[in-house]
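The same chain A turns up in both complexes below, where it pairs with chain B and then with chain C.
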Partner chain A sequence: MMGNLFSYFYQFADVFSFLVLSAAGLAIIFGMMGVINMAHGEFIMCGVYVTAATFHAGLPLPLAQACGTLVAALIGMVLEVVLIRPLYNRPLDSLLVTWGLSLVATQGTLVLVGSTFPGIGTPGGGFEVGGYGFSVYRMVLFAASLLVLAFVYLLFMRTRFGVHARAVMQNAGMAQALGVRRSQVYALSFGIGAGLAGLCGALYAPTMSLIPTMGASFIVEAFVTVVVGGSSVLLGTAPAAAALAIVRTGLNAWYGQIIGQIGLLIAVILIIRVLPDGFSGWLAKRES
Partner chain B sequence: MLNLLNGPQTMGRGRVFWICAALVLAAALVYPAFADPYDVGNFGYFLIWIFMALGLCVMWGLCGMLSFGQTFFFGIGGYAYGVLAIILGNGPAATIVGLFGAVALAGLAAAVLGYFMIYGRISGVFFGIVTLSFTLALAFFLGQTAGPEWAIGRARLNGFNGMQGMSPLSVPWFGGPVVLEETALYYVLVAGLTATYLLLRVLANSRFGNVLVAVREDPERAELLGYDVRRYQLIAFVLGSALAGVSGVLYTSWGQFITPSSIGLPAAAMPIIWVAFSGRTDLTATLVGTFLLLVGFQTLTIYSQETALVVMGALLAATILFVPRGFVVGIGELLARPRRKRLAPALSPDDARP
Partner chain C sequence: MPAEPVLEVKGLMSSYGATPILTGVDLSIGEGEIVALVGRNGVGKSTTMRCLIGLLRASGGTIHYRGQDVTRMSADERARLGIGYIPQGRDVFPRMTVEENLQVGELIGGGRQRSRMDLVFQYFPILKERRKQVAGTMSGGQQQQLAIGRVLVGGPALILLDEPSEGVQPSIVQLICRVLRSIRDDLNTTILFVEQNLDTILSLAERGYVMEKGRVVARLEPRDVSQEGVRRHLLL
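Up next, the complex of A and B:
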């Protein structure tokens, strides 16, 4: 009984952390700038590859993961300045530019690194509840997803950058008139979003086989979480991830992974039919 | 109806344009007499993809819906044709039922998905990522159908290896049915593409096409003028997606195989690149640009497919950053400029004033 209950929680936590970690970076960039970063999967892939490379070079895993996160964040900031800045106020065009970038990054990695890369074994071993075995690392991932939500909350609600960012989000012109540098805020936001994507990759690096096209296995979940969640990470992404995780966990348990994914998509189009602005739009409407 | 071939929504209206178009068509018609059958088949292969590019041009360029789902409907059309052609066997009747059945299924899928998205007021960037999510999910789903339990009748889906061995399209002809391969297929493709292009031109300049453009320019204004925007969007979406289904059927029939890799990434990005590069607002530009890109892509692929895809990605980014309206449209406007200057005095706004 205990084992069964914990098993349901464990599976929910596994899906929930996957959705939150893969969507957080995408949601921050979308919420701040209205831009959907189509190269999101490639920032994740970048986090994975840098983590694996530095780990094989001898760094301990947590440090290697920090490297993966930082490299993705830096690349993100540079690309924001070069590619996204000319396209402010043209969200569809920035979507297309980042899609071009995504193709270049995936195929470029295939050319430069090759189609396989040595992986990292999953650390942490297992533990047992009520006769069932579970992986410790999956619980670490769950904790990490909660920490990411806490980090986003503190960053946007408790720091000077957060005040500037929310000001730009509400009224960019007024914020600029008060001395906030919009382009600086955007570059930082894009960097943070790319960094969170890199973190997602770094955290999942020990659980996956490394191929340059691996970004594609994250983006469907990231996209649908952001579509259902809407523009706010805390009010949107987190509840959307929880709701979708419940749907997905149930379907996975009864019908298997692929039905789980298809069911997830059907749930998504049903939800957007009812809540066109996602959870955060619905919550905002209820408050006002 | 013929006077709708020329209108505000399509470039190339002068006599020079139509003479050039007729020359191109004539050259395409005599081409098989001078080339060997393999090259003719390869030339036909390029034409197959242009249907889905024109479909994207209608929904994105005319109506403003950026769908990343062209390969989703391409895949539904292709796989449906494969299943039907395996179950029904060969011969004109069976394969033509396969063709129409598969395109109808793609259209139906577009109607269902489009209903939920368009009537759920999904637009802009979300329209793109929802359609892409469905596309990738279909590719993942078909990729794991390797087991024998994934079969419809005699037709096995075969996972990543894809379906093969379906009978190619054939048509009744004087003196017995003709299987559409190489030269025969080529002529059918030229005829089909010419008809599709001309019909879409008429559609673009008709009342319906003008409403689509009004919706693209400002959906709220169009709605305030009394048009049910969502109905027009849904029709454009179904039409464009059904054209992707046509490409899928033709592709499957052309090579007698289809795999999930024609649906997922990077295949899903290709229609967007063709149409963005060409200039999404114009059918002629899309037709010409898509053809040029397909030829260029195949030439590069001979050396390295990865490099070819890097070039395509860079081309998409460069188009959006430097020529957002598209290269071919830009060139078309340059060509049209001197003529317009000569006409300018007669059309200047001063003359129109009382």
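Up next, the complex of A and C:
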């Protein structure tokens, strides 16, 4: 009984953390700048590879993961300045550019690193509840997803940067007329979004085999969560991830993985029919 | 030798797309003056203000602020030099609280000076009372106080104010005029404001400029700032 209940929670936590961690960076970049970052999966992949490489070079895993996060953030900031910045008023062009970026990153990794890369064993071992076995590291991932949500909340609601970023989001011209440097806010936001993608990769690096196309295994869930959540990480991503995780965990348990995946996509279609602006649009409307 | 003007505008031109709107705006405003910019609807008063803060590019002419050529500077640079802009329609950040709106204005003047939030709360007590309220849910008069407070927190040397009385009840307009006067008296702040409402013009302006079809066509000298003087320029 106890083991059964915990097993449901565990599966929910597992799906929820995957959705939150894979979507947070994508949602920030879309919510702040309206850019649909098609290279999101490759920022995740970057986090994975840098983590693995620095880990094999001798760094302890947490430090290697920090490296993966930071490198993705830095690359994100540089790319924002060089490629994305000229395209802010041209959403289709920025979509194409980031898509091109993702192709270059995938193929470049294939050429430079090869089709496989030595992985990292999952740390932490297992624990038992009511006769069932569970992985400690999955619980670490769940905690990390909650920390990411808390980080995003504090960053946007409790810091000076957050106030400026929200001002730019709500009325960019007025924010500039009050002295906010829009380009700086955008570069930082893009860096934070890319860094969160890198963090996602860094955290999942010890759970996967490393191939240059691995970004794709995050991308469906990331986009689905952002589509359902809408443009706000705070009001959107978290409730969307929770709702989708409940649907998926339930279907997985009763009908198996395939039905779980299909059910998830059907749920997305239904939610979008009812709430065209996602959860955050719906919550924002209810507020006003 | 007279002191250097705070704002000196010469032959300012600007357009929306291919449509020329401003065809030659000249203004010169000294430190601590309160100057009105008047003219009928659609003559380009708001367009002038947007050019002065830098939200709209000037296609000709020059803008000097305290002796420095700011014509090609971005809006955020101008704000950080100490120009505070309050647009027509106020443009408060609707989904941020009063306090957060005020925090954005702290960048005006460079962001290193002490915040004047307490002073703003003294001038506009309603803002202190409602500091946790979301700005979009406030009345027009309260939003106007917030928009003015938002530039005052940074301690601007020049305030550009576009139609402060529009959609605001008379008692609040009086409060706003009182506050602007004491800002000028206490801090020697320079104020350029656009206004259509005669009472507001008369209670605030010391002199003014009259615009017609994209250019400044006349000056209102202090002796012209009277019922008849302003009427003559606006209605004839």
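Going forward, the second predicted complex is superposed on the first by the 288 of 288 C-alpha atoms of A that agree within 3 Å, B and C clash if a C-alpha of one lies under 4 Å from a C-alpha of the other, contacts with A are read in each partner's own complex, and residues count from 1 in each chain.
Simple rule for what comes next: a residue touches a chain if its C-beta (ideal position, glycine included) is under 8 Å from a C-beta of that chain, and two chains touch if they have at least 3 such contacts.
Bear in mind that the values here come from a model prediction, so they are computed numbers and not experimental data.
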| item | value |
| --- | --- |
| Touching partner for A:L265 - first (chain B), second (chain C), both, neither | first |
| Partner chain(s) touched by A:T213 [first = chain B, second = chain C, both, neither] | first |
| Touched partner set for A:L110, first chain B, second chain C, both or neither | first |
| Contacts of A:M1 with chain B and chain C, given as first, second, both or neither | neither |
| Partner chain(s) touched by A:R181 [first = chain B, second = chain C, both, neither] | second |
| Chain B versus chain C as contact partner of A:L96, first or second or both or neither | first |
| Partner chain in contact with A:A57 - chain B first, chain C second, else both or neither | neither |
| Doubly contacted chain A residues - partners chain C and chain B | none |
| For the chain B and chain A complex, residues of the former touching the latter | 66, 113, 116-117, 119-122, 124-126, 128-130, 132-134, 136-137, 140-141, 144, 264-266, 269, 272-273, 276, 304, 306-307, 309-310, 312-318, 320-321, 324 |
| Touching residues (chain side chain A, partner chain B) in the complex | 30, 34-36, 83, 86-87, 90-93, 95-97, 99-104, 106-108, 110-111, 213, 216, 219-220, 223-224, 226-227, 258, 261-262, 265, 268-270, 272-274, 276 |
| Parts of chain C lying in touch with chain A, wherever the complex brings them together | 53-55, 74-76, 79-80, 84-85, 87, 91, 93-96, 100, 103-105, 107-108, 111, 134, 136-137, 150-151, 154 |
| Contacting residues of chain A [partner chain C, same complex] | 160, 163-164, 166-167, 170-171, 173-182, 284, 287-288 |
